[in-house]
Structure formats: C-alpha cells, structure tokens
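Below you'll find a set of structures to go through.
Each of the next two complexes has chain A plus one other chain: chain B in the first, chain C in the second.
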Partner chain A sequence: MPDLGTTSGGIAPRHTQRTGLGLQALAGLALVALPVGLLVTLILWPTVRMVTATFLIDGTLSSDRYFAFFNDAYTMANLRYTLEMGLVSAVTALAISFGIALYLRFSAGRIATMIHGLSLFPLFVPSIIISYALVRFLGPNGLFQLMLEQVGFTHYRTPYLTPVGPFLAFVWENIPLPVLVLSAGLSQVSDHAVEAARDLGAKAPRILWEILLPQMRRSLLIAFALIFMGIIGAFTVPYMLGPPAPEMMSVFMQRTLGNLHDPEAAQVQAVVLMVISSIVGGFYIATMVKSSEAAR
Partner chain B sequence: MKRTPFGGLILLVSMGLAMLGPIVTVILWAFAVKWRYPHLLPTEWGLKFWFAMLGRETVITPVLTSLALTSIATTTAALICWPAAYAFARLKFPGRQLLLFSFIAAQAVPKFALFVSIAVIFLKLGLVGNFWGVVVVQMLSAVLFMIWIPTAAFRGIPPALEEAAFDLGASRLRVFLLITLPQAMPALAASYVLAFVSILFEVDSALLIGAPTITTMPLLLMSLSAQIIVQEAAVLCVLIWVPCFALLLLSRRFMTARGIAQGFGA
Partner chain C sequence: MLEIGAITKTYQGTPAVRDASFSVARGELVCLLGPSGCGKSTLLRIISGLTACDSGKISIEGVDMTTTQANRRPTAMVFQSHALWSHMTVAQNVGFGLRVRGLPKAEIAAKTAAVLDLVGLAAFAKRLPAELSGGQAQRVALARCLVVEPKVLLMDEPFSALDAHLRKGLREELKALQGRLDLTTIFVTHDQEEAMELADRIVVMQGGRVEQVGPPGALYQNPSTLGVAQFIGAMNTCTTNLRHGAVDWYGVTLRMHLPDGEVALLCRPEDLHPDAKGTAARVTRVIDLGPVTKVTLITGTGDLLTWTCPRDQAPDLGRVLTLLPRRLHAFRSGALMGLMEAPLPAQAQGATA
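After this line comes the complex of A and B, so read on.
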C-alpha cells in the first residue's frame, strides 16, 4: 500500500496513470478532506442541528415556535423590512451598475478608465469602514451637509438612523460586482448587432430594450440573487446606520440572542432567513445550470 | 451611442463624490484637531489624536488581538485549503465536482444566521469568548478565497511544462516545487491577502462568538464610532484600512477581474 504522505503535489505522470488512478483518487480525497471537514463541522452540522432544535420542544416534535414567529407583528415587520430593503437596494444597485457598464461599453479614454476604477473602489472597503464613513459623510453636520450649505442649500435632512441610511450603504457596496458581471456580458454583445439595429433606425432605448437587455437577462438575474442574499443577511450596515426599529433580521437575531438571551427564538429567526436565502440561492444555481446546459 | 465628454464628466464627478466622499471625510477627521460646524474643512490640523490613540492600552490590545487572530486563522486556512485547491485543479477523484460545488453553495448560507447556530453550540460547550473558538469560526471567511482563487490559478497553468519535466524524469515533488508552485504563487499570495483583510474586518463572528471577553479591532471601532470624540474612530479607520487598501491594490495586480468577481461569489 503506497504511503499517502508522499503523494502531496504533482500530477500523475502520464505513464503511471493506469496504475496510479486509485492512488490519485486517494491523494485527492486526502487533500480536500480538511477543508471539507471544516464545512461539515461548522456549516452543515450546526445548520442541521439548529433546524432540528427549532422543531423540538421538550423532545417532542412541534411547530409552535414557528407559529409564534409568524404571528408576532414586530417580527413580521422586521422580516418584511429586511426583504424590502434587499429588493429595493439590489434593484437600485443593479440599475446604477447597468448604467455604468453601458457607459463603459460604449466609451473609451481617460474618463472611462477613471469611472471604471471608481466603480470598483468599494471592493477594497470593508462594511465596517464604509458604515462609519457614511455616518461621518451623510450624518448630521457631516461633510455632505457642509458642502450643500456652501452652495446655499440649508434643508438637508440626514438619512442616518432612517431606512435610507442602510439603503445607501447597500447600494454603495454593491456597485462593483454587477459592474464586473455586466461589463463582461456587454462585451459579448457585438458592435455589429448594435450598428445594424441603428442602421435600421432603432433609437437608443429600443436598442437597450430589444438587443442589450435580452442578452443581459441571465447576468442580471445572477447578480440580483447574489446581491439580494448578501443584503438580507447583512449585520454591520443596518446595525451602524439603520433605525432602531424596524430591525433587519441579523440585527434582530443579535439582540434576541445577546440582549434578550433567547437562543430558541434567535434560532427560529436564523432558520427563516436561511430558508429564504436558500430559495433565492437555489434559483441562482438553477439559472447557472440552465445556462451551462444551453452553452453545451 | 457616442456620448459627449460632458456627460462622462458629470458621471465622473458624481461617482467621485459618491465613492470617495465618505472615505475622504474619515481621512479629514483623522488629521483634524478642530473641525466645528459650519466650517467646510477642519480649522486646526495635527496628529494630536494619533498620539492619544496609540498611547492607550484599550486601543493597542484589541488591535494586537485582531492581528494575532487574523494571522493564525488565515495561515491555518491557507495550509489546509491550498493543497485542496491543487487537488481540485489537478487530481481526479470521486465527488470532485460536487465537493468543489459545496464551497460555492456554502457561500449562499447567510453568515450571521450560521454564526447564531454556532454560537448556540459554543454556548453549551463553553467556547464563547474563547480565542481559539473565534479563530476556527473566522477561518470560514477565508475558505472561499483560499479554495476558489487558487483552484482557478492551478487550472490556468498549462500542464505541458509539468509533463515535459516528468518526461525528463523529475519527481512529482520536484515538479511541484520548481514548476507548478512558482507559477501559482502570485494567485496564492493574492488569496492570502484577500482572506486576511476580510477576516481582519469581520464583525459578525467576533461579535457573536468572541464578545464580550474578546475585543477585536472592528468591535473597538464600533464602540468608538458611538463616542462624542469623532477623531478616535477616524484615526483607527485610517490606521488599519490604509495599509490594507495598499495590500489589496497590490494583490489585485496579480488577479484578473474575473478572479475577483469569483472571489466575491460571482
């Protein structure tokens, strides 16, 4: 029996592939075992355990906790607020990114390069930094207000501690990803198609609607799913910028667990969020699979 | 659909304001000694608050805790993930696609909800507030970067060179060390930097698993941001984020835009 320890690294030389296949399989499994183990112990097991725990009250199967969840007005308000925030922020971020990607597709030069760079900047800024920075920029007496007052506008009302605060932060954070995805998609739309349409007399909105959008549909859906999942699970942004009520689900969970010391209720909230996220995630995966089948 | 440069200029200026305005505000605050309403800019500049912050143990300790936590978690994750990435890219084994896919699927799990489930288990085991408990959980944040980017990198290396070396009689280890590894190194380094920075600024697990015993730098930043003295949090932001920004920019040079998009789950 060959020693597994000596097989780390190196593809199997071609001439040994027939005899080495079993060895290669063992080596491969051994090398991926630890990170897969990490996923199993820290994601799969806690999730399964949590879902089971929420349905068990004193050892008997019961859906009472979920009944309580869906019948509590405050909880439902938080859930609705979370989903609306995800929907509105994701759609806004996509619309803005689509505009930027369109501009980048049909322009070149220094200005376009700078706009491209700026649109990717949020990739380099962690949530906690941008949350704090937005408090200072948009908050009461922040730089934005000072700038507006310089030009004579004195009726600024800060979005800080209102739902608009987290909304702006989510849009800010979610510009780069769709710009990257949509730029890649738009670069595959041929100039010929656009020019041909223009020669036939199509105006810009019609070209957008009938040539660009249909080709971008899949990219848009994938980007939407990713952004939406990220937003409904976010903690830092609503915690630092959002109103005290309603709360987004992660903030609500943290308070339920940390301040109210009610792990049972917090777990139910977590499971509900996970289920919603996995529905969107499943839709995302289905879109990916469908497109890779179509490409075949 | 040619646009006038004027339209581009308007887009550039508004994006500059929206993207850079918040960060510029923080940098201004970090070097401001006096900045009172309604002055557009600070009226007195200086490093007063830098000296004040750096001389305080309640600031130094969380920063050192964070650096230790992050270094240990990132390095351990690299040690277990990079070999796995190599296996995903180069070896054939049963379940390879499914297992690789499970790392993407794992990303779809809302992290905060997941940390609630882990926190409940850790509460029972007495691991909440434990340094190593936080290390293990924070490793999760590194796994995606450390699997995806390196797997793509190893796959991108043309096997012809490796095969040529085999044909000349080189051992597997020698081929790996002299041919494969040097070509993959930039991407590995980039994945390390991305993982390091994302763990360094991670709030969720630090708050649910570490607090209140373990205060990390982001938790300190959160508590400082609620203080009346604005400069303290601003100094901490600039102090920690600027080096990270430089590192990220540097590592971006070694990665394609697609690699970054993948790293962020696209």
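After this line comes the complex of A and C, so read on.
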C-alpha cells in the first residue's frame, strides 16, 4: 500500500504543475502580445507593403526601380560613401573603445574612474548637440582654428562639410556603447588567464593578440554590428556636418523624398539600406545566439 | 637553488608578507602552508614575478631575480583556477609557452605530445578546456608549465577546487612526477594533510610571517610556536598558571621545571594514555575512523579532551577514564618553552623539561 500513496502523491503535483505551466504560458503570451502586435502593425506590415510597392509599377511586377538604383552612378557613390563611412567610423570607434576598455579592465583608481565617466559621456549628448559643438569647435573660425592661429599655425583646413566632419562625430558619438560591451566582455577574461600567459613568457602584444582578442571576438562583433547599423542609418550628423556630395543614404533619401518628390525612388533606397542592415543585424543575432549557447 | 631573503610586501599599509626568508634545494618540494590570508599566495606570486615585493631579495641559481619581470623568470605557475585559455585546444594551451619561445612547429608538436603523454592526456590534445573535467584541466595546466622546463615550478593551491578523492589521486601523481623529473617545486596549500603528504619540507606561515620551516614529521613532533602547534595536527590545549615548578593540568598537578607564569600546555590526542593517576574524564563521543578511534571526553573542570586510541581500546560512551599525557608542549607568549616527556603527577618524580 505505501506504493499507492507514493503514486498518487506523485501524480497530484504533476497535474497542478501542468495547469500552472499552461497559465504561465498564457500569461507570458498576454504580456508579449502588445509589443508583438505593435511591431507587426507599425513596423512589419508597413515594411512588407513598402517592399512590395517597390516591385509594382502600374500594378505589374517589375525590378526597374532597382535596376535604375544600381545603374545610377550618383546613387551608387552615395551608397559606397555610406558603407565606407560606416565601416571606417565603426572600426575606428571600436579600436579606441577597445583601448579604453582594456585600460579600464586592468587599471583602478581615480584616473580610471574619470576616464570611464568621460568615455560614457557621449551617451547622454544628443546627436544634434554633438554636431553643433563640432561645428563651433572645428568649423571655420571655430575655437580650434583660433587656438592654432594663436600659436602661429594659419593653414588650418576645417573638416566641416568634408567626410572627416561626420567621421569625427560618429567616432565620438559611438565610443560609449562599445566601451560598455567590450568592458563586459573583458570582465569575463580572468586575471589568471592573462597572468598565466605572462608567466609563460608572453609580452603585452602577444597577450593581446593570442589571449584577449580571440576571447573578445564575440563582443567585438556585437559592438561592430551595433555601431555600423547605427551609423549607416544616422541622419543628423551627416546632415549637419557632411559634404553636399556624396551624401549619406539617409540624407539622400530625405532629399529624394522632400526635394525631388520621388517617393518611389526613396523607398527603393530605404529597402536597399534595410537589406544591408538586415544582413549585419542577422549576423548580430547569430553571434548573440552563439554567445547564449556558449554561456549555457 | 632558490633563495628567498627578507621579503616584505604591504598592501595599503596592511602587511601581507613580513620579512619572509627560506631556501629551497634543487629537486625539493616545499609546501607553503598556512591559513587563508597568511600571505602564502602573495609570496608565491612574488617569487613568480607577478607581484612586486617592497623589499627583500629573490635569487634563482645565484642570479638575483628580485626585479626581473615575470615573463623573464625561469619559473612557471599552476593557478588554483587552472587558467586555461578557453579558445585554445589542450595542445595549443600546452604549446603556448613554446610558441612564445619561438620554437619550430615540429618541435612544439613533439614536446607538447610528450608532456601530454607524461600527464596521461595524450588522447585529449584536440579537446577544448570546456570539454575537460576539473582534474584533467588541472593536469593540462601542469603540462603547460612542465613543457617549458622551468627551473622552479610554482603551484598555487592547484587541487583545492577538486573533490577529496580526486585531490588525493592527483597529489600522488604530482609527487611521483616531481620526483621523476627532479623538479624544484613550491606548492601553496592551506590543507595540512596535503602538505604533510607532499612536502619534503614545509614552510608554515601565519600573519605574513614564516613561523617555522622543516620536514613534516619534525613540524608535527616539535612545533616551535603555539601557532604552528595548533595549525598542524590536532592538539588539546590547556592554558594554566605555573607556580613553584607545578602546574594544574585539568585538575591534576604536574611537575614542570620552568619559570613561573602563564603557560599553554598542548598535548596531541595520540599522546594521551590511560593512567590511574591521570585526570578523570567522561566519554561523550566515540568516532570510529577505521584504523583508530577518536574519543571526546569531558573533564571534571568542564574542559573537552580528544583522545585517539587503537580501535580495540575504544571505550564505551559514558565511561569515566583517567588520562595522562605522554608528551606536553609548553608555550609562553606563543613561543616554545619546553617539551615534557612523560610528565608525572606532583607526588611522583622524574619529570623532564
């Protein structure tokens, strides 16, 4: 008879658990229903409509608009400029951030705390303020030029309205996020892992190349994807600081829509940019999934 | 081989290592033993060069290494957390030190295979650290150090994160390997059993100081300070006053030719023996440890005594025994004053100091 007691005792909690799980699952679905609904209604559905619309000319399927996009030299120059700006700015910001994160990982004290604070400061400054500040500082007759002239240097050429302008702004603006991501990644590398390499005779460059960088690969890829996607879609900085030509795609898109009154062409530009972002985004998600699997 | 001279290290005004000195002969295995926070790991890191000392001198084979960087010292360290690089295979982990030294690929492969064979992990060369057990990971960490043929092998509590059974097995493997390679080794541990089993000599540290250096048996039999006596092995401690050559030991007066004053009398559990003239104590607990039995007793003065006796002499619970010490270590202000062999009750004669 004790077996019967054990059996019934075993069934009861399982039954309750199943009901509990069902309720939990329903509650979970209810919680995500609103954001998922908003995502579908406000983003996915308009996106699908827009992508479909770019392939429809007078009700018939056509890839003419894409043909026109990829055969227009100015448009392609803008796309190339956007991707190059994204790549160069993201790599530069990443390199600087990695240096800062390394310093913060292996240093302590007031200076490290100060540098940490300073590196995060751009996170709280809106793009438009950064752009204005750079115009006032680096622009013609800006503070930087005046300072150089004070020491006798009179050949200063302002980066304002050249590709260097948005590059500087993008780098400055995109330091905090990778510092946070890379600091989190570096905190996973134990002191002993570094010390073991030192103990076996390795110097700093080899430790960086063979020990730290391989273990930071995922964090670097995640940070790169986030910065790159942010830059290629940015509007304020290239609008305020960038050259009139070539233009970054966001500015070009706005001008195509607002000045040239050609919404179909602007939609094609948006779709191309979205596809590029999606590839990098997919890459980001794949890296994140691998990270979570590795953590498990 | 290795000379440690008056090493001192202070962290923000708190001394971690104070005036530590000892030497290690070639092929010797020396254990740094002490409780947590006694400075043993700090001292090991100073020897490795990973931590700089404030003052003192370290020399290896007569060469002053005090200010030499860690990556230029002929030492290699096994860490408590094994510190394997998770992105490298076992073979890559082991071969790292050889790659740093710029050896040809074929030689690296041959040496790596040989050392992996030595630690019994030849079949695991292509595995990642995450695919190893704790014991295997620690053996890879050891192989990674052995492959660079260090003059001094440093081990910082390498087995402390492993279970007792595995720890014992690895200890025996290490001892055999160290003997076979004639490798000068410094092994940090807080586990006295581990130190007693492994070491040729033990350096006992407390509060950043080296308290005593000696072979395990000598430290056990003749501790020179109260700290060492209480840290190594079990002791029955009786703090009492010595007056006119007599001392009260749990209600029994013993003769003792020592200056008057407060004294701590320590006696090993196995040094107690039943004697009609001894102190009466009632058995409160009997633990069968296999070859011996550990008996806890309470004396008439309310103090607890531990007695280790042969299994066949184990008393019943509640029985009252009379016990006397065969050997008593007397300490005053932490320092050894004398060792009494077979101290006798006051009415008898023949006590020695």
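To be clear about the criterion, the second predicted complex is superposed on the first by the 259 of 296 C-alpha atoms of A that agree within 3 Å, B and C clash if a C-alpha of one lies under 4 Å from a C-alpha of the other, contacts with A are read in each partner's own complex, and residues count from 1 in each chain.
FYI, a contact is a pair of C-beta atoms (placed from the backbone, for glycine too) under 8 Å apart; a residue touches a chain by one contact, two chains touch by 3 or more.
The structure displayed is predicted, hence computed values, not measured ones.
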item	value
Clash-or-fit label for the pair chain B, chain C on chain A	fit
Which of chain B and chain C A:Leu180 touches, first, second, both or neither	first
First, second, both or neither for A:Leu241, with chain B first and chain C second	neither
A:Met274 touches, of chain B and chain C: first, second, both or neither?	first
Which of chain B and chain C A:Leu42 touches, first, second, both or neither	first
Of chain C and chain B, partner touching more chain A residues	B
Contacts of A:Ile211 with chain B and chain C, given as first, second, both or neither	second
Touched partner set for A:Met85, first chain B, second chain C, both or neither	neither
Chain B versus chain C - smallest C-alpha distance in the overlay, whole Å	10
Chain C-contacting residues of chain A that also contact chain B	198
List of chain C residues in touch with chain A within their complex	48-50, 70-72, 75-77, 79-81, 83-88, 96-97, 100-101, 141, 144-145, 148
Chain C-facing residues of chain A, complex	190, 192-193, 195-203, 206, 210-211, 214-215, 217
Chain B-touching residues of chain A, taken from the complex the two chains share	6-14, 21, 24-29, 31-32, 34-36, 38-39, 42-43, 46-47, 49-50, 53, 100, 103, 106-107, 111-112, 114-115, 118-119, 121-130, 132-138, 141-144, 146-147, 149-150, 172, 175-177, 180-181, 183-184, 194, 198, 204, 207, 222-223, 226, 229-230, 232-236, 239-240, 249-250, 253-254, 257-258, 263, 266-267, 269-271, 273-274, 277-278, 281, 284-285
Complex contact set, residues of chain B against chain A	1-3, 5, 8-9, 11-12, 15-16, 18-26, 28-29, 37-40, 80-81, 83-84, 86-88, 90-96, 99, 102-103, 105-106, 108-114, 116-121, 123, 136-137, 139-140, 143, 146-147, 159, 162-163, 166-167, 171-173, 175-177, 180, 197-198, 200-201, 203-204, 207-208, 211, 218, 221-222, 225, 230, 233-234, 237, 241, 244-245, 248-249, 257-258, 260-261, 264-266
